[in-house]
Amino acid sequence: MLDVKNLVKTFHLDGDSTSENDRKALKNVSLTIHDHDFIAVIGGNGSGKTTLLNIIAGSVKPDEGSLVLDGEDITKKPEWKRARFISRVFQDPLVGSIGDMTLEENLSLAARRGKSHGLRWYIGGEERKSYLAMLRPLGLNLENRLNQRMKSFSGGERQSITLLMASFGHPKLMLLDEHTAALDPKTAAKVMSLTATLVRENDVPTLMITHNMKDAIKYGNRLIMMKEGEIVYEAEGEKKAHLKIEDLIGLFEEVPE
Amino acid sequence: MSSQLQALLSEPLLLGLIWSIFALGVFISFRILSIADMSVEGVFPFAAVLAIWALKAGWNPFLALLLAIGAGMAAGALNGVMGRYLKINPLLAGIILMTALFSLTVVVSNGNISLEDGATTLFTPFEDLFSGISSVYWKNFCGDLLLLALVTMVLFVFVYWFFGTEIGAAIRASGKNEQLARAEGLNVHVYILLGLAISSGLVACAGALYGMRQSFATINLGKGTLIIGLATIFLGEIALPKMSFKAHLLSILIGGYLYWLIMSALELLPNYNANYRYLIQALFITLVMLVPTFKKNVVGLFRKGKEVSHA
Amino acid sequence: MKTKAFVLPIAMLAIAALAGCNSGSSTDVKIGILQLVSAAPLNAVNDNFQSTILASDWAKTHTPVFTVQDPQLDEATMATMATNLVANSSLVLGIATGASQALKSAASKAGSSIPILFSAVTDPVGANLVTTTTAAPGGNVSGCSDMGPVDESMQLINAHFSALKKTVAVIYNTGESNSVQQITIAKASLGDLGWSVLDRAVASETEITTSLNTIPDEVKMLYFPTDNMCASNASAIAKFAKERKMFVCCGDSSLVSADDALFSLGVDYASLGIQVAKMALEVLNGKKTVGELPVGFATNFPLVVNERAAKDWGVALPASLIAAADEVISNEQPTSSASV
């Protein structure tokens, strides 16, 4: 369970000093992510949703506020240390895996997320078998391509693999940063369906930023809307299930500045 | 066989091996870590000079080699600290380190350091193994070849094995995609530092071997060597387009030999003017780098031609 | 792919082999010259070496074919050039320490006993080219050292310039062991004579002007030894001295003749070239092997003074110095009271 308390973040566009060009990305954001939560986050550009995700992941430091994960304060923890508990899928399929390394090398990297790296060979026979078992159900015929470099895979395939990698090791939280935004609608739908399957099977709390309002309504048990650095609307369970897109668009316009 | 042809065929083989070790170091920083590391031009001469200094001070030749490698690794680690922790631009960090090492090289060598006649180097016991051969030239050649082949083999096998371990894979990931590496729990700073240490250690090994074989070293030794390393890598990549990491490493060895074969042959041409060497080298490297693009376009043309004619 | 890449070098090999096989007549004697870098004193050695050999009696019955290689300080190239020269010549000349060492190393690796002569090397024993300079060195290496009269030069300064503030600024390349050695001698001499030394050593050419600029105005004497970097940048040093109205003493008289310094009690590199050519001729004539020739030292140190440059710079050379000169360069024909 992640307790996000009173996050404030201002981006100083003119160096470190305060000026009119400062952008208040997060004004005062608090949020609790419970076990079994699958939260969809929507909002326009500049709403702060990406900053929120980056702060949770650790690639951006907040000016004020704290993050408490299962009772442990992780606000000061560097990104790479948090990765043990928090996994991530990026928007750009090319970033989510290493193009010059093979599929099995990427999987083996993810399998060791948060563990110590030693002089053992990067992949063993048993391990390979487990990867085959994991890849088969995806139905993408990836299990025959373990030795191919990632750059020979399509964008959709790479995102699916990144998603799979993010589900390794029972993370306490999975962050999805508009992970279907760069894909064509058909592939995006496939990846979303894979997402739902993985979240359900691994029972991992998930925070998903999306531009796609249909997906935001269809997937997840909670919905959060952000605008100009604040959470302006929340819906959960039944209420969320009955939302219509028109409602959301209306909310976008209705909420005062 | 004329001594001219003799020298042309055999010397590039030995030089190719030494410079392949150098190129292996450059390969790690340039291809694996994606860093253009200029410090090699300071590490190489410093290692050569340090090894000779140690030999003159009575050190065992193998220990002298280890000393030089150790110094190289320290330099690589320092490079990592400057680039990652002190947030100095990596290219600048390399140049700063190169300049600093230049001073150290002058201090240790006073500009020129040399071994007495008949001094024992790492090559001596190997050359002595072949004392049955009457021709001094072939005795030396076989001995040097044996040592260099052994060292090269050990180092290349080490690098192949190391980058297949978990730590090695972590270094490769950190070099290729820092953002993902961090997201996969890797302390990128430490891994890049380790990668640079190994890279500079290899360059230093090449420097020490070079200095010991030549029996003297001056402060000018590093000048223009990064380009030699890069040319070796590119040449190898053309000769053996990489299919796997193993093949990529092998291609460095091939590139090393090819580079020195070509440069030696060039020098034998009548009217060769050394002043044009750098120009020739620059043209050469540019051509070498254009080959992949050229191949793509020309092959594409042929394919199109075929389709049309069968229409 | 593998085969394609080999086509190019094999073609070049073939061309080179053909080129190499195209040897001339049987009286051809190939002489290889490896000159470390292009600089006036080293060029003087090269030119005079070749001209002396061409003008000799030996050349009447033999045809010397000179191959000059100049790696411009690039050591990696220098090594391959040395290997090639050693493989292709009957005798080789190294000009400057690094080049000579490269030739020796290449010959030793190849097991070749080719006669190697060095020149423009200040300390051949320190450079491990020979084991002794007091007797015939044996082996296949000998030559001429350009160790100049540094101590006498300092005495000269003391004798004629005592009216000046007793400080000498020195500039040299810390990376040239020959220079470091000479400056050590100079500092010791000056110390004994009661003069102080302002050390303005540099590690690279780009620092020369900045380093010189830190010399205080009251210091009017500048000295630099036989240093390759200073020789290559002599006109920049001269320009500075002219602006400051300083006296410049150097170790190489060809620079004085070129108006880049005012006086020099030093090695005449042209003579050095002739001296080492004579050693080469003894070997070529079969009179002696190279190991039987003791290392030669320049003995002729003409005091060359350039009045013309002094006038141009606006400084007045002491009359006593001019009187003691062996050669005075003035606006009229340079007069010489001693033959070189």
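Details
A, B and C are the chain letters, set down in written order, and residue numbers restart from 1 in every chain.
Simple rule for what comes next: contacts are C-beta pairs under 8 Å (C-beta built on N, C-alpha and C of every residue); 3 or more make two chains touch, one makes a residue touch a chain.
Predicted, not measured: the structure shown is a model, and the values here were computed from it.
Leaving out chain B only, the rest of the assembly separates into the touching groups A | C. Judged by contacting C-beta pairs, the busier of the interfaces A-B and B-C is B-C.
Centrality annotation: B (chain centre taken as mean Cα position, compared with the mean over all protein Cα atoms). Farthest from chain C, judged by the mean position of CA atoms in each chain, is A. Centre-to-centre, using mean CA coordinates, chain A is 70 Å away from chain C.
Per-chain CA centroids place chain A at a distance of 42 Å from chain B. Centres computed as Cα averages put chain B at a distance of 33 Å from chain C.
Those residues of chain B whose C-beta lies close enough to touch chain C in the complex are 2-9, 11, 15, 102-103, 106, 109-112, 114-117, 135-141, 144, 213-221, 223-225, 228, 235, 238-241, 254, 258, 260-270, 274-275, 277. On chain A, the positions that touch chain B within their shared complex are 57, 59, 78-81, 83-84, 87-88, 90, 95-101, 105, 108-110, 112-115, 117-122, 165. Chain B contributes residues 164-170, 172-173, 176-177, 179-188 to its touches with chain A in the complex. Residues of chain C touching chain B in their complex: 1-2, 4-6, 8-9, 12-13, 15-17, 19-21, 69-77, 79-81, 83-84, 86-88, 97-98, 101-102, 105, 108-112, 126-128, 131, 139, 173-180, 203.
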